[in-house]
Structures are given as structure tokens and as C-alpha cells.
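There are structures below to look over.
In the two complexes below, chain A is the common chain; its partner is chain B in one and chain C in the other.
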Partner chain A sequence: MKSIRLENISKAFGWIKALDDISLQINEGEILALLGENGSGKTSLMNVIAGIYHPDQGDVFIDDEKVTISSPKDAFKYKIGMIHQHFKLVNVFTAVENIVLGLEKSDYKKFKEEQIKTEEEFFAKLKGVREPSNVEVANAKSRIYHSGKYDLNFARQKVIQICNQYGFKIDPDKHVYDMSVSEKQNLEIVKALFRGVDLLILDEPTAVLTPQEIKVLFKILKNMKADGKTVIIITHKLNEVMEISDRVEVLRKGKYIGGVKTSETNPAQLTEMMVGKKVELEIRRDTPVNPDLRLEINNVTLVKEGVKVLDNVNLQVNGGEILGIAGISGSGQKELLECVAGLQKAKSGDIIFHNPKENKPVTFFHKDLKQIKELAAQGKFHDPDGNKIDLTGLKDKEIRKMVEEEKIIFYENEIMPLNDKTPLEIRNLGIKLSFVPEDRLGMGLVGEMNLTQNMALRSFRKGKGMNVEMKKPERLAEHIVKEFGVVTPNLNTPVGRLSGGNIQKLLVGREISSNPKILMTAYPVRGLDINTSYYIYNLLNDQKNARCAVIYVGEDLDVLLALCDRLAVIYQGKITGVVDPHKVTKEQVGILMTGGSIDA
Partner chain B sequence: MFITFLRNAIRFSTIFLFGSTGETIVEKSGHLNMGIPGVMCIGALAGCAGMSIYFNTLTDPSQINLFGAVVLGILFTIVSGAICGVIFSFFTVTLRCNQNITGLTLTTLGAGINLFVFKRLETFSSYFGKASDGFRNLFQVEVGANWFTDVFLSYGILVYLAIIIAVVATIIFSKTRVGLNLKAVGESPATADSAGISVTRYRYLATIIGCSIASLGGLFMIMDYLGGNIEYGLDEYGWLAVAIVIFSMWKPHFGILASFIFGALYIAPSYLNASFAMKNVIKMIPYVVTIAVLVVTSILNKKGNQPPEGLGINYDREKR
Partner chain C sequence: MLKNFFKENDFIRISRRMEIPTWKKWVFKIAGVLAGFLFAAIVVSFISPGSFFKFFESLIVGNFTTVRKLLVLFEEVAILFLISCALAPAFKMKFWNIGAEGQVLMACLGTVIGMFFIAPNVPNAVALIIELLLAVTFGVVWSLIPTLFKAFFNTNETLFTLMMNYIAKGIVALMITLWIKNGSGVIPVLEYGRLPRIGGQNYIINIIVAVVIGVIFAFYMMRSKQGFEISVLGGSRNTAKYVGIDVKKVLIRTMIITGVICGIVGFLLVAGASYSMNENTVSGRGFTAILVCWLAGFNIPEMAGVSFLVAFMKYGAREVESSLHVGGSFVDIVVGVFFFVVIASNFFITNQVKINFKAFKKKKKEVIE
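Let's turn to the complex of A and B:
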């Protein structure tokens, strides 16, 4: 294979045009970065080359010859392999079983012929220099021998050879379910190389890796380039584009925007091409004003199916501050947030909420009469003039009146453990969790229900009798649609039909609308375009300025370092460090993310 | 006494073995076929109906060519099973219907049609009685000579066939390319698809072959174990066969043992001097054991012993 040319490729899914008349050239032996925001059609375009999608229009040329690639198998025939974001691996198979999956007799025959050729070349080189030794002849024979039967030993040898050549570390007999994400990715690449691909397409390969693993991957890619292979890397991370690629091609909303040599461009220009207008790359970070302790997590341990998902976690979260949590996905971030929200019961440890009640009147919203009397007996309240309140001897009716007139005021913040509270009670205290799972809808919103009904999910207890109160949720939905610029035909549209970004705005908007005291967000910008992401960052900053304690669980280290006031790193359920984002480097955080320690 | 019990347990477990091996093959491809009880019923009646066409040309049961009747019965059964497999796959693969509903429909259909057709075949009952000799005795060594031949060599052709199929299935799963591909289709159809394996073809073929095998279980029950007595319903055995698939953790060679255990427990009450209530309690043990196995395997959570990951989920390549 020399080069690939795409001409006028178009592809539509329903009414949405994913690819709109795209022409593109891929040269031999280069590392090409395909840049674009989520939904810009990068992956769809590459799926066309990899034989997963058939273009509605347009042609693919390989070496100026028109070809039809109608299946991944066809793609392998043209020596094209693609590594998808969701790995195409069978969990219960070993590495080598995954690699030989789908190979046929004829493939083995081809391998055998190739092997014979290399052995012959080897002996041809020896000719005239010296006679080949018996061992060499025997080894060559054993390498050539292959009957075309289903034979894992043959594959195993070839895998080890590939690993040594490019610098992979793979145990051929390890089961996939025992592998880390980066091992799985390496396995996918080896799988493609095993089939002899010359063009390797990687779809967002770095999204799930730590900085250290990314370095290793890039080294492997450079080895492949040195070996004459072509690599296309799909990404939206500019620093990676600058680091690894020779050339950049940019897509936007299914259209081809242009291509530049990496050496002749800069991140600002690329962003402009990607987004279509100038974008401020600085993330807003307001200086925190008087952060005060809002949440204490003391020695929390959570055991799930015999595994310590959280291991003696200690964290403090302050009001008026954004606390970032970094870590490889699945390190316990989700469980930590769920513990605070009361959705998981910790095995041991305390979660203590400091309700910011200092100099604020008591209400019947959280306390009943009995509790108020008890607190008053402990001397917790003062009146508007600053005198201590004594409720003994007063009638219930009089106390009620005082509460309603806001005459009973807290001396100090109320400290309450959350361990024995139900998720509902915790929510009512103002501790809100907005978790954006991978499929966006899994937790928080119901795809089949419309906007108003989804708003009502948080307030359905408030109706009178059997009826659900729908007026207020409707007004809230209207408000969020207007305030956050949610694009929707109307309020009766099922949220599942909205685009990812709009769904996320809706979810975050609903949580913010209730003036939370603690706002926990996990991956709120996952899959969003740059503009919407920055909009969400600004919202979090606004919440911080409104004295809310914000917890931000994120994936992108650049963002975490730029947005947060403090950054906690979690590894296998342990907090490996709480660092100052102003002072640490990405590499240092990466070390913490893999369980190491740094001096800071 | 004990030899007789052992012999009958092995014979009885054959219906389970056919059913569970067939269902295991189907499930390995990612199809959860709840229609196995129905497939067994249809298999039994198709075999009998096929033979009855032949019997129709005869005037007396003694004229039956036993070998011919056996071959005819097996042939018709396998074809009917294959048709069931085609129906199931057409609904789930081609039309992408819900697998549970498709399977349950097949079961309801099978159990109903079974009773209906067997009523029509009652006139041939003496012929079936004679033909069952063929199923029982064609390859049989003399019973009662010694314990070894009694336990190991005294069975009809279908018993041996069931064990051979289970062993062959095990070898195919663990040692061949086809087995690897089939497992991949059941575990992760998207992966198999991207490796160039036709998910549609494998699911169709596995379901057709699996259903054919399971349908033989029905034929065995009527023609061999019950001696040509066609008045019994078969669907309850089908459910146990599905349970055995879980019990054997999707491994056909475990299935041989599991089927034997279930068969032995099922017929044990008749050999015990127990009260009526107690006998029914013993009959319940297989179900309890199945639940226990489910609980234990899910607690152990050993990744090699789990159902195929794609089980029950239809594959749609273009779905995003």
C-alpha cells in the first residue's frame, strides 16, 4: 500500500449528515492526526476506510485504484486496521486467542509463505559467507512449519516476535479480563500488526491512558512509523497532535476544513479551524474567597464484592472552592461520590457535613419542633440581637411563630454526620450529585421521558395527595432551556432524542437550579464540544463564587489542573495525594495516578 | 436393584443431555432460546408423524423394518428441529425480535401442537410400541449378562448418540477454529464482526444445529424411554434441560455429568421406599441445586464460568 485518497465521501444517519462531501489524502509512512470535536465525523470517516460503514456517496482510492471496502475483513485485505475506542476484544479469551480470532486457513498459508520468504532471505545472505549451522536450519524449519490448522503455538511465537520488534509488553496467555486498559490497547495494536496492516487507525487512543502510558504508546507509534507503517490518530487533544503527528487534517460538523503540516501550525490556529472561531483556551479560575470547611470524609472504606473499592479515604472539601479528583477511570471516583450522596453505605469511616448555618435562621425545612427544642437546650441559637435563646416554658405555638419570623438563629455551622441519613435526606440538605455516566442517561435522566417529567424526577414527592406537581417542573424546564441554551423542539421531547451536549446541560442545570451546598459532578464535559465545555466550566466557577463546594471528577488532566483549586488523586480506592494544581506538573499527577508518590 | 436404577438413570438423563447440549450450542452463539421445551415436543411429534407415514403403508406392526423406522424417525426429528431453529433465528437475527418472547412462543406452540397431533396418531400406537424396539434394541447387548454390560453397553442408539454429540461439542468448543469463532460471536458479536466472522451465519447455524440436537431428546423420550407411549407431555423436561445448561456452566462435558445427576434425582423417588410427599420433595432437588449453583457461581464471580456476555442480546451492526 502506498497512499489512500478519499473523494467526495458522504454518509447520513437518518436526517443527520455525519459526513458531507469529504475529500482527503493519506500519504505513506506518515503519522496523520485527524482533528475535530465530538460529532465532527472523524470516527465515521475512518469507519468508512475500515469497512464498517458504507458511504452513501464517494469513492476510496488506494494507490489511485478505486476500491470497495465493505467489511473489516476487506480492510485487512488492503492492510488497513482500526483500533476502536471501545475495544473489540473478547473478555474470556486469552490474548493469543483474541489475535487469531477470525483467521482462516488461507491466512495461515499466507503467513507460512511470508515466513518461508524471510528464512530464504536469511540463508541467501549467508551464502558465500559461511555454511548455516544445523541449529539455524532446524529453527528455520520449525518456524516455517505450519499446517494451516488451528494452532495457537504458531500465533504465540509470532506475537512474541511482534512485541519484541515494536516494544509491546504482552503476555500471550493472559485473559483479557485480567488486563489493564493500556494492555488491552496494546493487544489491539498487536492484533492489527499480526494481520500485517500497513495503515493503522487509532480512535482517541489516549483518552483512557495515564501520561506515562501515553508516552509508551507514542514511542510505539514512532517505532511503527520508522518501520514504514502509516498511522492515523483521531483526537481532539491539541498537545498530542503537536507532539506526535506529521500532518493534521481538520473536520468540523461533518465537513472537511483543511490540512496543515504540524511543524507549520500552532494550537491556537488548530482550535480556530476545529471550532470555526477564535476560542479563549484559558479556563476561567476565580480566586477562592475564604474557603470554609464544608465536608469531611474521614477514613472511609467501602467494600464491594470482597474488593476494597475505597480504602481509608480522607478528604476535606471546602465551600467556595473546586476540588478536582483525578484518577484512572474505575479507581473509586464514582463510589466516593455515591458514598457522600448516600447511595452506597461505607463499611467504616465518617462523612461529616458542615451545614453553613452560622447566623442563619432555623427553618422547619430540615428540623422539626422537637429537634429545635433539643438544640435550643444545648444553647445553639441566638436571637436577632445576639442574645442566647431559652425556649423552656414556651408553648409550641409560640416557638412555631418565632421560627416563622426567623427569630431563632444559629450561632455556628451545624455539624452533622451523613452516615445514617438516607439519600433523600442528604439531597434535601443541599448535597447534589450530577453524575454523567458513559451513556449519559444511565443515572439522572430517563431517556424515554420528556424534559418536564425529567425535571419532576427531583420533586415528585411534593405534589398533593396522589397527584404529581407538574407546574413547577415545567417552569424549571423552561428556565433551564432558556438559561443554558438547550436546543430542543419543545418541552415534550423525550430527552433521549436530544444531543449529548444538551442532555448534559439539562442534567447539570437541574442540579444547579436548587442552589446546592455541595455540587458533585463527574465527567460533566464528557463528549461535549469546546464551547459547551467552557460554558460548563463557567457554571462551576459561578457555583464556587456562590459559596458552593464543588467536586469535579474529570478525565482530562489539562482541564483538572487549570480549573481546580485543589486536586486529589485517587488510585485503586486510595487517595495518593492532594496537590496544588498551580504547582504540580501533569507528569507528577500521572505518577500519583498509578500509585506512585511525589515530593511536593 | 442398584444396577437397574443406574441404568435407568443413565437412560432418563439422555433427554436432558440432548436438550442441554443443544441449548449450550445455541447459547454459545448468544441466543437465549427459551423454546427448547417446545422444540423437544415438536421433535418428538415430527419423528412420530414421519414414522406414521411409513406405518400407513403397512397392514401389521410386525412388518416394520426396525432400522428403517429408526432412521426415518431421527431424520424427521432433526429436520423439524432445524426448522424450529430457522424460525427462532429468523425472528431474532433477521427481524431482531426479543429472544425471550420468541422462545416462549415456540414453547407454547410446541406443547400445544404436541397434544393436538398425538391425538391424531393414536391409531398407530401399536406400531409405535413395536418401533420403539428398534430404538431400544438395535445396538443393544443382552441385558442381565453381567453388571458391566448392563451399565455401559445396554442402551439404545440415541443414548450413545447423545454422549457422542456432547463430547464432540466439547472438542469443537475448545480445540477448533469454528468453536473459537462461535464463542466470540456469543461473547462479543461486535468483536467477531470486526474480525470478519459473520455473526448472522454463526447464529443461524448454531441455533439450527442446537435445536436439531435438542429435538432428538423429545424423540428419545417417546420412542425409547416411554416405549412408544405418546400420551405424555414433554415440556417439563425441556425446562430442566435449560437449567442444566446453567448448572454445567455452559460446558457440554460437564453437561453429561449434570444430566446424569438430574436424571438420577428425577427417577430416584420410584426406587425409594418413601412417602408420596417425600418423593415430590426429592423431585424438587434438581431445581434447588440449580438455584444453589447460580448463587454460588455468582458469588465466586469467576470470570471463566459466566454465561456468554452477549447472551440474549440481538446484534445490530449499524446501531450506534
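Let's turn to the complex of A and C:
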């Protein structure tokens, strides 16, 4: 294979034009970065080359010859391999078993020929020294002809050879379930190379890696380039583009924008090409003003199916501050947030909420009359003049009137353990969780319901009578659609039909709009375009300035370091450090993310 | 093969619709029903040639020509619609209760107990109340048993409710042999504890009850908070938990509603129509209602329409059978064809099919060259 040329490729999904008349050239032996925001069509375009999508219009040329690639198998025929974001490996198989899995008869033939060649080479070498013994010949024959379909030993040798050549670190006999994310990724690449791939496409390969692992991956990619292989890396991270690529091609909203040599460009220019206008790439971080303790997580341990998902976690979260949580995905971030939200019951430990009630009047929203009387008996309230309140001897009616006139005021913050509270009670206290899982809809939204109904999820119990009140949710939906620029045909569209980014804007928008006291967000910008991402960072910063305690679980270390006031790092359910983002480096955080320790 | 055909040719392109206007949806639905009739008529004319128009005539004659026929038709619609109402909320929250047959049958049994043992000795109004209470209790018990097992032991509700149907049948058969000592195995038509006739006709009250319950139920499902909770649960269990919906509570509450409606249906079937029962009193309507629910997409007003179609085809097909002198099984095939086409028409609502004539011409040219 020498080069691939795409001519006038178009592909539509329903009313969305994912690819619009794209022409592109890929040269032999280069590392090409395909740059674009989420939803710009990068992955769709590569899926066309990898045989997963069939374009509506346009042609693919390999070495100036028109080809039809109609399946991933076809793609392998043309020596094209693609590594997807979600790995396609069998967990209970070992590395080498995964590699030979799915080889076809034709592959097998080639494979055998190669094996015969090695055996012949062995005998040829031997010839000068001594005659091969009968046993050796018989063994070789049985290895070639009678050893079942694949000779795993031979495959293993080839895997080791590939690993040594390019610098992978893979144990061929390790089971996939024992592997870390980066090992799985390496295995996927080796699998492609094993099949003799000359063009390797990597879809967002760095999203799941630590800084150290990214360095190793880039070194491997450079080795592959030196070996004459072509690499396409799909990404939206500019620093990586600048570091690794020879050339950059930019897509925006399904259209081809242009290509530049990496050595002749800079991040600002690339961003402009990607977004279509100049973007201020700065995350606002205001200095926290008098942060006060809002949430204590004390020695929390969570066991799920016999595995400690959270191991003795201690954390303090302050109002008026953003606490970042960094870690490889699946290290317990999700479970930690769910514990606080009451969706998981911790095995041991306490979660204590400091309700900021100091000098604020009591309301019937959280307390009923009986509770107010009890608290008053404990001397928790004062009147507007600062005198202690004694409710004994007062009639219920009089107390109600005092509460409604906001004359009963808390002395201090209310301290309440959350362990025995239901998710609903915790939500009503103002502790909001906006978690964006992989499938985006799993928690917080209902795909079959329309925008308005999804807004009503938060408030549908309010209001008198049997029926659900839909006016306010409708207004909220309108507001969020306008404010966040959600692309939707109308408010009656089921949210499951919207694109991932738009779904996310709805979810984050809904949770922020409720003025929470604690806002927990996990991956709120996953899949969003740059402008909206920065918009959300700034919204979080605004929440912080409004005295909200923000917990931000993120993937992008650059963002975590730029946005947060404190940064906790989690590894296998343990907090390996709480660091000052102003002082640490990405590499140091990377060490903590893999269970190491630093002096800071 | 087929997959490759669709992938590689440019003539037919099938894609999922993002949005379909309501009017267009109804055009497709009505077209689907018309196509169903058309196909059924074509199949009929294959067997007895020349009966294409006779088929439509029989459908009308079978349903509409006398008052009695109309009443029978609408009573069937009422019962089917009510059972569908009982099933819809559970289905909507993805609780696959396929035990309506048994739940209604048990309610029938409850009613018969009232009519048989109590009604002769008390005033009719009191008897009716007792019968209704018994019917509802029996229905609720029968729907709650699998629900409680689901809620607390996470058993599979589909298998459980299905099996409960057969247990119910067995119990009814056993009870009848125990009560009817003369060995005939048939409960005689019972004189006491009947629902009053309106205008001398016994089915009218059933139809009125169905209309009232249908209207209330439509509002319950589409507007009420409880209906909203059911929709959320059906959409995403995680989201439901997150917004503080008690899954078990809603499950049990919904299945109690199912049981109550099944109870009412059983009461209507016995005290309002047959005044007797045997193990086939429900005659498969508990299963047919599943079809009604799905075909209507759990939408209450549409369920009324589908119930009408089902009943209309049932009695129309009987007339076809006698007027064209074809066997009963053949009529079943015709009804099957009809519903197959109606269901297939849904494909055009969820998918867009484009035929690309340009590509066709181009390919032709290539072939010629």
C-alpha cells in the first residue's frame, strides 16, 4: 500500500449529514492527525476507510485504484486496521488467544506458510552443523500439520517479535481481565500488526491513558512510522497533535476545512480551523473566598461483589471551592459520587453534610413542625434580634406564622449524616449529581421522554393535585435549549434521538439550574465541543463563586489542573493524594494515578 | 446475503427516521389497516375465487346489521380494552405480566362465589357489592403473588405470571367439580346477583363501565404523577432511582391497579354477561390484550381503536366462515394476515425507505455499456 485518496465522500444519518463531500489524501509513512471537535465526522470518515460504513456518495482509492471496502475484513485485505475507542477483546482469553481469534482460512494459510518458512530456515541453519534428528523433523511436521488450527506457540513468538520491534510491553499469556487499559490498547494494536496492517487508525487513543502511558504510546507510534507504516490518529487534543503528527487535516461539522503541515502551524491556528472562529482558551479560576466545610467523607469503604471499590476514603469538600478528582476511569470515582448521592450504601464510614444554615431562617421545606419544636428545645434557633428562641407554650398556629415570617433563625450550620437518607432526601437537601456515563442516558435522563418531561423529572412531585405540572419544566427546557445551544427539532423530541453532546448539555443544564449546595459532576464535557466545554467550566466556576461546593471528576489533566482549587487523585478506590493544582505537574499527578507517591 | 444487498446497492436505502409528523404517522397507520383488509381479501379470493367483495360484505354483515350484533361487538371491545388497560401500566414499566388471563379468571371465580353462595340470601345491591369486592380481591391476590416475588426475590415475572394462568384454570375446574354435585361439571346459569339490564339488554352496562374506566385511565397514564413515575421507571431504572422513585413501591402499586381492573373485568364477565362460568370464560382475551397493548404502543386511546379492530375482525371472520363455507382455521389465517400487515406497516413509521431511481438508471447504463 502506498497512499489512500478519498474523493467526495458523503454520508448522512437521518437528517444529520455526518460527512459532506470530503476529499482527503493520506500519504505513505506519515503520522496524520485528523483533528475536529466531537461530532465533526472524524470517526465516521475513518469508519468509511475501515469498512464499517458504506458512504452514500464518493469513492475510496488505494494507490489510484478505486476500491470498495465493505467490511473490516475487507479492510484487513487492504492492510488497513482501526483501533476503536471501545476495545473489542474477549476478557477471558489471553493476549495471544485474542490475537489469533477470528483469523480466517486464508490468513491461516499465509500463517502456515510463514511457519513452514521458519522451520525450513531452522533446518537450513542446522544443515551446516549436523543432520537434524528424526525427532526434530517429526516435531516440526506435527507443529505444522497436526497441531490444530493455530499453533499458539508460533503465534506467541510472532507476538513477542512484534513487541520487541516496536517497543510494546505485552505478556502474551496474560488474560485480558488482568490487563490495564493501556495494555489492552497495546494488545489491540499488536493484533492489527499481527494481521500485517500497513495503515493503522487510532480513535482517540489518549483519552484513557495517563501522561506516562501517552509518552510510551507515542514512542511506539514513532517506531512504527520509522518502519514505514502509516498512522492516522483521531483526536481533539492540540498538544498531542503538535507533539506527534507530521500533518494535520481538519474537519468541522462534517465538512473538510483544510490540511497543514504540523511544523508550519500553531495551536491557535488549529483551534480556529477546528471551531471556525477565534476562541479564548482560558479557563477562569477565581481565588476561593473563605471556603467553609460542606461535606466530610470519613473512612468510607464500599464493597461490590467482594471487591473493595472504595477503600477507606477520606475527603473534605468545601463550599466556594472546586474539588477535582483525577484518576484512570473506573478507579471508583463513580461509586464515590453515588455513595454521596445515596445511590450506593457504603459498608462502613460516614458521610456528613454541613448544611449552610447559619443565620438563615428555618423553612417547612425541610423540617416539619415537630422537628422545629425539637430543635428549638435544643436551643438551635434565634430570633432576628439575636435572642434565643423558646417555643414552649406557643400554639402550633403561632409557630407556623413565625416560620412563614422567617423569624426563626438557625444559630449555626446544621450537621447531618447522610448515611441513612434516601436518594430523594439527599437531593432535596440540595446535593445534586450530574453524572455523564458512557451511554450518557443511564443516569439522570430518560431517552424515550421528551425534553420537557426530562426537565420535569426533577420537579414532578411538586404542585398540588394528581397531575404533573408541565408549564415550569417547559420554560426550563426552553431556557436550557437557548442558553446552551441545544440542537433539537423541538421540545417534544425524545432526548434519546438527540446527539450525545446535546443530551449532555440538557443534563448538566438541568442540574446547574437548581442552585445546588453541592454539585457533583462527572465528565460533564465528555463529547462536547470546545466552546460549550469552556462555557461549562465557567458555569462551574460561577457555581463556586455562588458558594456551592463543586466536585469535578474529569479526564483531561490539563483542565483539572487549570480549573480546580484542590485536586484529589484516586487509584483503585484509594485516595493516593490531595494536591494543590497550582504546584504539581501533570507527571506527578500521573504517578499518583497509577498508585505511586510523590513528595508534595 | 440480504445484508450485503442492502449495504451495497444504491437503489433502496433504509434509514431510521429521526422525526415523523403526527399526521404522517396516522396516514401510515390508517394505510396499514386498509392494506391489511386488502391483503386479507386477496387471500380469501384465492381460496374461494370471486369472493373479493363478498369478504367485505361479510365483515359488515357480521358486525353491524342488527342491534344485538352491535352490542356483542362493543361488549367484546369493552372487555378487550379493559384487560389491555390492566396490562398497559405494567408493560410500560417493563414488567411483563402475561397473566391477565388467570387474573381475570380468578376474578370470575370470586364473582361466582358471591352469586352462588351469597346472592340468593341478600338484597341484589348488597350481593353485587360483595361480588365486586370478592372479584377485586381475587384479581389483586393473583396479580400480587408474582409481583411480591419479583420485588423481593427478583424472580422472572414472565414465567411466573404465565404459570399462574394454568394454576387459575386448574383451581376453577376443581372448584366446579366440588360445587356441582350432579356430575355435569357445569355451573347452571345463576339467577341472583346479576347486574341490572339497561333497555332490556345485558351488555350495555359493561360498555359504559369500559368507557368510564378508559377515560379515567387515559388521564392517569398520561397526566398524573403516578403515571409519570411509571414512564420514568420504564425508561430507565437508574434514572428512576436517582430522582428518588421507590422502584418496589411503584411496582407493587401498579400491579394492584392491574389486579383491580382484572377484578372488575371478571365481575363484568360473570355478573354482567354470562351469569355463569367455566375455565374458558376469559377465552384467551387475556393473551389477545397483550397484542392490543403492543399494537397501540401502550397508548390508551389507541388501545380502544385496536380493541375495536380485533373484535371487528373476530365477528366479521365468523360471518365470512359461514357465508363463504370455508373452515374456521382458514379464517384464522385471514385474521393472521390482516394483523401481520398492520404490524408490518409500523416499519414505515420508524424507518424511512428511499428508492433511488437515479442510481437504478446509472447501473442500467453500465450494464448496457
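Operating definition for what follows: the second predicted complex is superposed on the first by the 550 of 600 C-alpha atoms of A that agree within 3 Å, B and C clash if a C-alpha of one lies under 4 Å from a C-alpha of the other, contacts with A are read in each partner's own complex, and residues count from 1 in each chain.
In this section, contacts are C-beta pairs under 8 Å (C-beta built on N, C-alpha and C of every residue); 3 or more make two chains touch, one makes a residue touch a chain.
Predicted model, so just to flag it, every value in this text is computed and none were measured.
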* Asked: Regarding the shared-chain residue A:88, is it in contact with chain B (first), chain C (second), both, or neither?
  -> first
* Could you tell me if A:13 is touching chain B, chain C, both of them or neither one (first, second, both, neither)? => both
* **First, second, both or neither for A:175, with chain B first and chain C second** => first
* Using the touch criterion from the header, give the chain among chain B and chain C with more contacted residues in chain A. => C
* To do: Would you check which partner chain A:424 touches, where first means chain B only, second means chain C only, and both and neither mean what they say?
  => second
* Go through the superposed model and pick first if A:352 touches only chain B, second if only chain C, both, or neither. => neither
* To do: Based on the superposed arrangement, let me know which partner A:101 touches: chain B (first), chain C (second), both, or neither?
  => first
* Asked: Of the two partner chains, chain B (first) and chain C (second), which one does A:456 touch, if any: first, second, both, or neither?
  -> second
* Once the structures are superposed on A, label A:72 by its partner contacts, choosing first (chain B), second (chain C), both or neither. => first
* Structure fact -> Note: overlapping chain A surface for chain B and chain C spans 13
* chain B touches which residues of chain A in the complex? -> 13, 52-53, 71-73, 76, 84, 86, 88-93, 97-98, 100-104, 150, 175, 177, 305
* To do: Quick one: which bits of chain B touch chain A in the complex? Just the residue numbers, please.
  => 175-177, 180-181, 183-184, 187-188, 190-197, 301, 303-304, 306, 309, 317-318, 320
* Which of the residues in chain C come into contact with chain A in the complex? -> 4, 7-8, 13, 15-19, 219, 223-229, 231-232, 234-236, 238-239, 241-244, 352
* Give every residue of chain A touching chain C within the complex, in rising order. => 12-16, 54, 56, 68, 70, 341, 343, 422-425, 427, 433, 441-449, 453, 456-458, 460-461, 466-468, 489, 493, 497
